[in-house]
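Next come the structures, one after another.
Next come two complexes built around chain A: one with chain B, the other with chain C.
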Partner chain A sequence: MSYYDIDSILTDAEKIPCTFQLDIPDLGYLDNNPGQALKSGTKIALPLWLAEMLAIANLGDDIDQDKSFVSFELPAAVGNDVVQALKADPRAVPLRDQSPHFYGLATHMMDLSEEQELGSVLRKTFVTRAAEIALHARKVGGTTGSKGGPAEEASNLGVGGAGEEFLRGLDEWERKLFRKAHDGSKAGKEWMDSVKKR
Partner chain B sequence: MTRCATWRPKRKLNLLRSIIRFSPRLSSPVQSQDSAALIRRANIVTPPWLLHPVSLSSIINRETKEDPVAFSPPPPPPSRAIPFRTRHRPALGREQRGCKPRPAVPALLHRRRAGRISTITLARGSRGAARRDDMPAPAGEVRSLMRDLVEVRAAKLRSSTSAFEGFGDGLMSLTGVGAMELAESRGFVLGVVDGVGKIGASAEATRREGEEAGGRRDDDEESDEDMGI
Partner chain C sequence: MPMYGDLGNKLVQHAKRTQNLTHLPPYQAELVRAVAREVRDLDKDVASLLDPFQGSFDPSTDQATACTLLVNHLSMRRNKRCLLAYHRTRTDKLEELVWNGYDVLDLSAQKTRGANSMTAGADGGTSSLSPQEEDYVRQYGDLLAAYKGQWTDIDLTGSLEPPRDLFIDVRVLKDAGEIQTEYGAINLTKNSQFYVRQGDVERLIAQGYLQKLG
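== the complex of A and B ==
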């Protein structure tokens, strides 16, 4: 993954709920309490990159060696409710509403936490939704339309018809997949048309 | 790869005789069997079975009902596909002597080589369906059957990714899949493999860590036992 990968940067900027483990002077403004110390036990949403560093680093104190600055929980996007909904029907959950970088966030959280179940649920979700995405990618742009004409000339990212709701709920990984699948069938169709004209 | 096609010269092609060794004198509109790769200046005639609803329906039936998993078998390899290279075919002698090929009976045409399809023939078929007027069936019917066939095969290729749900099930026979179909689905399938790999990488790392930790503990216990503790 490139250092300048914009999706990776945006995934790192996603906020996750953290609980501070100790009092920190003059940081009260983070909790709408300027001029005061940030109390231990305060819950604040921190960006993933910062939360990761604070959670892994320990205090360097002889007494509190196992204690870190913050402890974090799973964000709502990959919380229990969402996982249960994905188990029931992966296609019915609009992942983009949970997080535009759902899979990026989820895989990152899998690295940090020891959630065993999340991996298998994510894998099943991705594969099931991928089949649906490929179906829509083939349909969009009127590949199945018979007569030709302006309706067939859809843009590369155009959406329409019954699957609009589903396509709106795709996260970034899935959008990329959609684009790849659509480019493939579009190129195939163009080649077929060029054969016909020759 | 060379494929066999029936073609019809657009005009008198004496020059081609140097390339096509076994062909008789070519004058329009004689039909002859030759390698499709050599022929750029001729009209390739769509195989009649490809434009016949009966053979098309039988292929669709086989793809959907008889064997919903595998694809229809591909055309035979070139050595068998080009008749003038096989020595024991009687047609060779006829062609060499300059005889015209046997007349084709329209009623039986759809039986010839039916079922052995490739994407090239599908493309050829759709071109034929677009141009020909003397089709044995209404063009709309043939076109819709052909579209059905293309969609059925594309759906099969897409469904191959559902095997990634479990571990170690990613195998699928691609025998009979055309290069064009493969090219169409390549980006998508690679994208799915990539995504599943990324998701699996962290799960795999966690599992390995757990195994290593477990293994270390076992070693400790064994060494404890060795020492009689």
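== the complex of A and C ==
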């Protein structure tokens, strides 16, 4: 997660639902009301780069008065519905539809909130899906070299439809994993072929 | 709802696309200018917000202003990150192209010529690089040449594949003039074909003047 990391920057652009805790005269434009005051209690979806700092900035010197500019809720992408679906079967949820940077968003939310369960659900999700990704990465475009013969090739073609559906639901991080796994097995096969030729 | 930082985000999306391309898409001069303008506007806002306080602003007494200042500051910081990341992505790509032996300036000039003939010069002969980037490439190329010059018997940017044959057939795609080889001079005119030593022409193949046959 470097400063220059493009995916990290795009992750920070994901929006989360926030509620302003005080009246602010100059920020009406955030609620599409330039020139008007932003009222306390207004709900606005703010990008993470803004929401994060506004939420952790503490007002005043009063320590027991734990109040900040905005309070936030978990975005729908890591909300209860999605978590329940992930618990049921991680492979059945198209993460990309929730957010193209699902894991990045989720880890950010874990830093910000005290959601206990999210971490373990995410870990299980990634491990289960990673195995599935590795499986698909080996299959795509690599049927010719397999030892299984025509029978296995046919079965590969059979899963193609469902596999595509799964692969379309990968978030950016998983896509990278898929590409690495795919390139790796392809390079391995190419090397084996070049060794045989000699 | 257009918001501060939206333009910067567009720039980063361009960068994201650039990462997956083999060539370098046109420099988004207009967007870069707009983001820089946004930063200047925000800075002006901050200055006018702070002006009445005469340098004695206390955030805890005026929380609304403090919040506005924070939002403005974060927006500027966000824009800065977007700008830097966009340019860094492009220079990374340029460096890669230089190491691979492409004549970047020549390539971008050619593309412009090609594009202009189709769009009838709608862009007024702009290259896909910004003037600063062209400068960067030129100087990086010089730097790389100086670095490579330390070792005369090793070509650092040469191919890592061991050649199968010492001699190869090549076809000339673009006029490249006369080159000197151990076996005398060869005049590389377009569409002619030669049987030459691979080491003599490797550079020209990488630059797209020659095509390897067979």
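Remarks
By our rule, the second predicted complex is superposed on the first by the 173 of 198 C-alpha atoms of A that agree within 3 Å, B and C clash if a C-alpha of one lies under 4 Å from a C-alpha of the other, contacts with A are read in each partner's own complex, and residues count from 1 in each chain.
The definition used in the following text is that a residue touches a chain if its C-beta (ideal position, glycine included) is under 8 Å from a C-beta of that chain, and two chains touch if they have at least 3 such contacts.
Computed from a predicted structure; not experimentally measured.
Put simply, more of the residues of chain A are touched by B, taking chain B and chain C as the two choices.
Once chain A of one complex is fitted onto chain A of the other, the partner contacts of A:53 are limited to chain C, with no touch recorded for chain B. Once the two complexes are overlaid on the shared chain, A:88 sits clear of chain B and of chain C alike. In the superposed model, A:192 lies in contact with chain B only, and not with chain C. Counting contacts by the rule stated earlier, no residue of chain A appears in both its interface with chain B and its interface with chain C.
By the touch criterion stated above, chain A contacts chain B in their complex at residues 103, 106-107, 110-111, 114, 116, 119-120, 122-124, 126-128, 130-131, 134-135, 137-138, 144, 146, 173, 176-177, 180-181, 183-185, 187-188, 191-192, 195-196.
If you check the complex, the residues on chain B that touch chain A are 123-124, 126-127, 130, 143-144, 147, 151, 154-155, 158-159, 161-162, 164-165, 180-181, 183-188, 190-192, 195-196, 198-203, 205-206.
The part of chain A that touches chain C in the complex is made up of residues 3-7, 9-10, 12-13, 22-27, 29-30, 32, 47, 49-50, 53-54, 57, 59-61, 69. Chain contact summary for the complex, chain C toward chain A: residues 1, 3, 5, 9, 12-13, 15-16, 19, 49, 60, 63-68, 70-71, 74-75, 78, 81-82, 84-85, 88-89.
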